[in-house]
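Paired with chain B in one complex and with chain C in the other, chain A is shared by the two complexes that follow.
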Partner chain A sequence: MQLFWLSVGFGLVTASVLAISAVGLSLQFGITNYINFAYGDFMALGAFVTYVLNNEVLHWNIWVALVAGSLAIGVLAVILNRLILSPFARRFSKSFYVLIVTFGLSLVLLNIEYSIWGADVRFFQMPIDRALHIGPLLLTKYQLVVMAIAIVLMLGVHAMLKTTRLGKSMRAMSDNTTLAMTSGIDTKRITTITWFLSGTLAGLAGAVLGITEGNLTPASGELFLFVIFAAVIVGGVGSIYGAMAGAVLIGLATEISAAFINPAYKLDTAFVILILTLLVRPAGLFARPGKA
Partner chain B sequence: MTTDRTTTPATGPDETRFALSCDGITKAFQGVRAVNGATFDVPEGLVTALIGPNGAGKTTVVNILSGSMTCDSGTEHIGGTDVTNWPSYRIARLGLMRTFQLSRELGGLTVLENLLVAAPDQAGESMVNVFFRPSAVRRQERENVARALDILETYGLFHLRDNRASDLSGGQKKLLEISRAVMASPKVLLLDEPMAGVNPALIERIGGYILDLKAAGVTVLMIEHNLSVVERICDHVIVLAEGQTLATGKLSDLRENEEVVQAYLGEVIDASTHG
Partner chain C sequence: MSNIWYYVFTLVFFLFDYFILAMGLNIQYGETGILNFAYIGFVAVGSYVTGALALPSSVGTGQHYILGLGLPFPVNLILGGLASCGLAVVVALISLRRLRTDYLAMVLISLSLVLYDICNNFVPLFNGADGLYNVPEPFAGVLKLTTNSFIPFFAAVTGVIAALLWWVMSRITRSPQGRTFRAIRDDEVVAAALGKDVFRNQLKSMLIGSFYAGVGGGLIIQFSGSFNPTAWLPGETFVVFAVLIVGGVGNNVGMLVGSLVVETLLIHLPAFLPAIPGHPGLIEYFDSVLIGILLMAMLWFRPQGIVPERVRRALSLGAPANLVAGRGEAPGSAPGRPVPVEIATADAQGEK
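For the complex of A and B:
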């Protein structure tokens, strides 16, 4: 039983990281209608910028470095969209072409990361943390902070989408871009803000992944991307709330299966859930009309 | 027409002010000219009908005027401002709103939210205001909600305010489109066949709403095939044929115009007499 609760604790931490990253990916997909294959590399870059600020150059506190690193990736995402992705999206009506471009961008970013930081495993500069007993769960202070960040962000994203003009504009644009524009919504501006938010969430997810895993490599984002895809598709592509629910489901299932079956099958567990969900609900658990 | 439209609203010989004007608009699709030099003025504060046979280019003209489509040549002015090929959101913010031939709604949003996204000049659009002037944003949001509920009440959609827009019936979607346009406090309203596919009772209601908007000072340009509706609610008529302006004036005068009768009215009158 102790093993079960231990794995539930890990599962909640993984779900938290997944939720942050899956919501970022879903936000961007909902607006642009194409999947960004470079998202995993945005995550790794976020982790490495945080690493540079925390360990390599400035020795900032990990949480300050994490905020700065995340915002930097938000800005980078806006720039990459403006310079690379947006011109392709304008030129080609089929999103398939832009998807290929994001795949190419992913390879470029990954190799830039390798050329700068190499393939060695790196570590954040954080004091050694003691595990705390919270009910039946055993969690470190860092893991608790990561979970708190995820909860606050999910509530924040929910409040933004439901109550603010910006959120309503994003939902309107995700629903019908032409109609949103003729209703007076500046879709170009909303797209830019969405890329900033998506990039920031990717950078943040990469950094908290590094914190919870205890290490980071340029490939860590790409490997995690498959789990994010599973969470997003299980929840329903384009649905923010689906992404949150998918993250919790996949996060818990992968960690509990790792404890009782074999940690090597974590990714397999995620994809078994994905296949089962698609068999029962092909559009995902919380799919919205008009989206995938 | 040689009036300088870049600085002042265009006016006609009898000092009629024009809310919307287009001059020599052309648009071709793969070599086929859908609009071929359409030129007309829409008098301010009146209801104008845009009529013509199928394929005359009416919807393409409305798409161009609302910024949903760019034109190949020609100019467009709204109240004296040159808005040629402006994106539709800028045209909407200048006060020109439109509806579509087949009703479009933001299906994933509630009926109330469909109106709220169209509210003009919202402080909550700026992240600076969201973080540093939250009370002003909230106050404006409350005012917008109150106004949206008022409009929904007027258009008979109040009881559906929390329903998803995709769940509405065809007629309700027509009303939602008009309500959303009204929410933006438009100066000019383009209605693309607002009476198409709706029952006679609703045609009466929509006609009444259009006259109410006219009374409130809104300029309306509507594509309409139903001549009895045109006769009843439109002050001015523009006839389009083969992408060009064939004639403009009152419907009663146009009935005497042989070109117009040949190109359109004869066909419609025949259809209504034999139908």
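For the complex of A and C:
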């Protein structure tokens, strides 16, 4: 039983990281209507910028470095969208082209990361601390902070989408871009802001992934991307709330199965759930019309 | 034989092998429009099955694998191709029916990683992370070749197989079946409205492509004698896509050109460069960055590839000359992409 609760604790932490990253991916997918296969590399890059600020140059506190690293990836996402992705998306009506371009971008970013930082496993500079007992769960302070960040961000995204003008415009664009444009929404500006948010969330997710796993390599983002895909598809592509629900489901399922079956097959558990979802409810648990 | 020839024939082998792989992906993506991001998984299945069939029983070899029947060369290769087809049936039944492009791409790329994960961790299947090795050379008992004479010999065998598969593929793409594939690629709804069973045809295309993938993979393990999970990380699919896009989607000659440019010149030639001291792997990283950039540049400046798809005409119906002039830039189509002008009625009558 103790093993079970221990894995639930890990599951909630994984779910937090997944929720942050899945929401970032879904926001961008809702607006631009194509999947960004370079998202995992955005995450790894966020982790490495955080790592550089935390370890190499300035020895900043991990949380300060984290914020700076995330914002840097937000800016990078905007630049990459302006220079590469949005021209391709405008020019070719079929989504094949832009998907292959994001796949190519992923290859470029991953190998740039490898050439700068090599394939070695690296670690953040964090003071070691004792695990705390919270009810039946056993969690470290860092894990608690990561969970708090995830909860605050989810509430923030919810409030932004429901109450602000920006959120309303984003939802309108996600429903129908042409209609949003004719009602006077500056779609280009919204797209830029969305890429910034998506990139920032990716960078943040990558850094907190590094914190919770305790280490980082250039490939860690790409491996995690598949778990994000599972969470996003199970929740329903393009649905923000679906992404959150999918994150919790996949996060708990992978960690609990890791405790009782074999940690090596964590990824496969996520994939089995993904396949079952596709067979039973192909559009995901919280399907949105027109997006599936 | 000097080392130079050893390198040259290794390059020739990979040229032909990736030609086969690219043809397989082309029938799926280029002709039918299925964005198969799990392609390298099909290659791997073909490779493992071919290798495991050629190896003797695993008892006492220090390796763990299934099968181990010690079958002779062309038989195991064909069975490897068919095993890959078996995977295609499963994948198509689960994912092809109702998923739109993005979903399909996500599911397939995840599948590719999961296959990798299983083969890497589940040792009894194909020897886990070590992969299969000591796979017997084809015709070892008959010809008694040395390592040096085996390489040019097998490059030639691969060339013959590639030529044969090319002949078959060009028959398929020119047939009414090929036209049906392209109709589905260009517009599924229109193809369905003309009475074409979209799923059935996509399944056919997946099967043909997977067989090519399996054979291409089988040749790799027969050539090098070993195959392990690092050879087929999901990113490898991208290399085959690069061959396809650089060479020209929808054109079998383009595949050979693409294979020459991407696989031979960009991937295998730099591998022979001496490593930069103190920076192991740096050349490969730069190489991958270069391939990524080349691919994006190709898509932007020459999306039809080096050898573009031929504009096909229905001559029997006397298609007006202006319809095929200007390489078929039909209004409303993506710029730069040649749209094959096809008369739908001719297709509908052509295939029964």
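Heads up, the rule we're going with is that the second predicted complex is superposed on the first by the 292 of 292 C-alpha atoms of A that agree within 3 Å, B and C clash if a C-alpha of one lies under 4 Å from a C-alpha of the other, contacts with A are read in each partner's own complex, and residues count from 1 in each chain.
Here is the rule we go by: a contact is a pair of C-beta atoms (placed from the backbone, for glycine too) under 8 Å apart; a residue touches a chain by one contact, two chains touch by 3 or more.
Source: prediction; values computed, not measured.
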Exercise. In the superposed model on chain A, is it clash or fit for chain B and chain C?
Worked result: fit
Exercise. So, does A:Leu279 touch the first partner chain B, the second partner chain C, both, or neither?
Worked result: second
Exercise. Can A:Thr164 be said to touch chain B (first), chain C (second), both, or neither?
Worked result: first
For this session: May I ask you to name which of chain B and chain C touches more residues of chain A?
Result: C
For this session: Please indicate which partner A:Asp175 is in contact with in the superposed arrangement: first for chain B, second for chain C, both, or neither.
Result: first
For this session: Give me the angle at the C-alpha centre of chain A between the C-alpha centres of chain B and chain C, rounded to the nearest 10 degrees.
Result: 90
Exercise. First (chain B), second (chain C), both or neither: which does A:Ile185 touch?
Worked result: first
Problem set entry | Partner chain(s) touched by A:Leu137 [first = chain B, second = chain C, both, neither] | neither
Exercise. Who does A:Leu201 touch here: chain B (first), chain C (second), both, or neither?
Worked result: neither
For this session: Could you say whether A:Ile100 touches chain B, chain C, both of them, or neither, answering first, second, both or neither?
Result: second
Exercise. Minimum Cα separation, chain B versus chain C, post-superposition (Å)?
Worked result: 5
Exercise. In the complex of these two chains, what residues of chain C are touching chain A?
Worked result: 29, 33, 35, 37, 94-95, 98-103, 105-107, 109-111, 113-114, 117-118, 121, 235, 238, 241, 245, 281-282, 285-286, 288-289, 291-293, 295-296, 299-300, 303, 334-335
Exercise. Which part of chain A faces chain C closely enough to touch in the complex?
Worked result: 29, 34-35, 37, 84, 87-88, 91-97, 99-101, 103-108, 110-112, 114-115, 118-119, 223, 226, 229-230, 232-233, 237, 262, 264-265, 267-268, 271, 274-275, 278-279, 282, 292
Problem set entry | Residues of chain A defined as touching chain B within the complex | 163-166, 168-169, 171-172, 174-176, 178-188, 193, 288-290
Problem set entry | Of all residues in chain B, those that touch chain A in their complex | 66-68, 87-89, 92-93, 97-98, 100, 104-109, 113, 116-118, 120, 122-125, 127, 130, 137, 141, 166, 180, 184
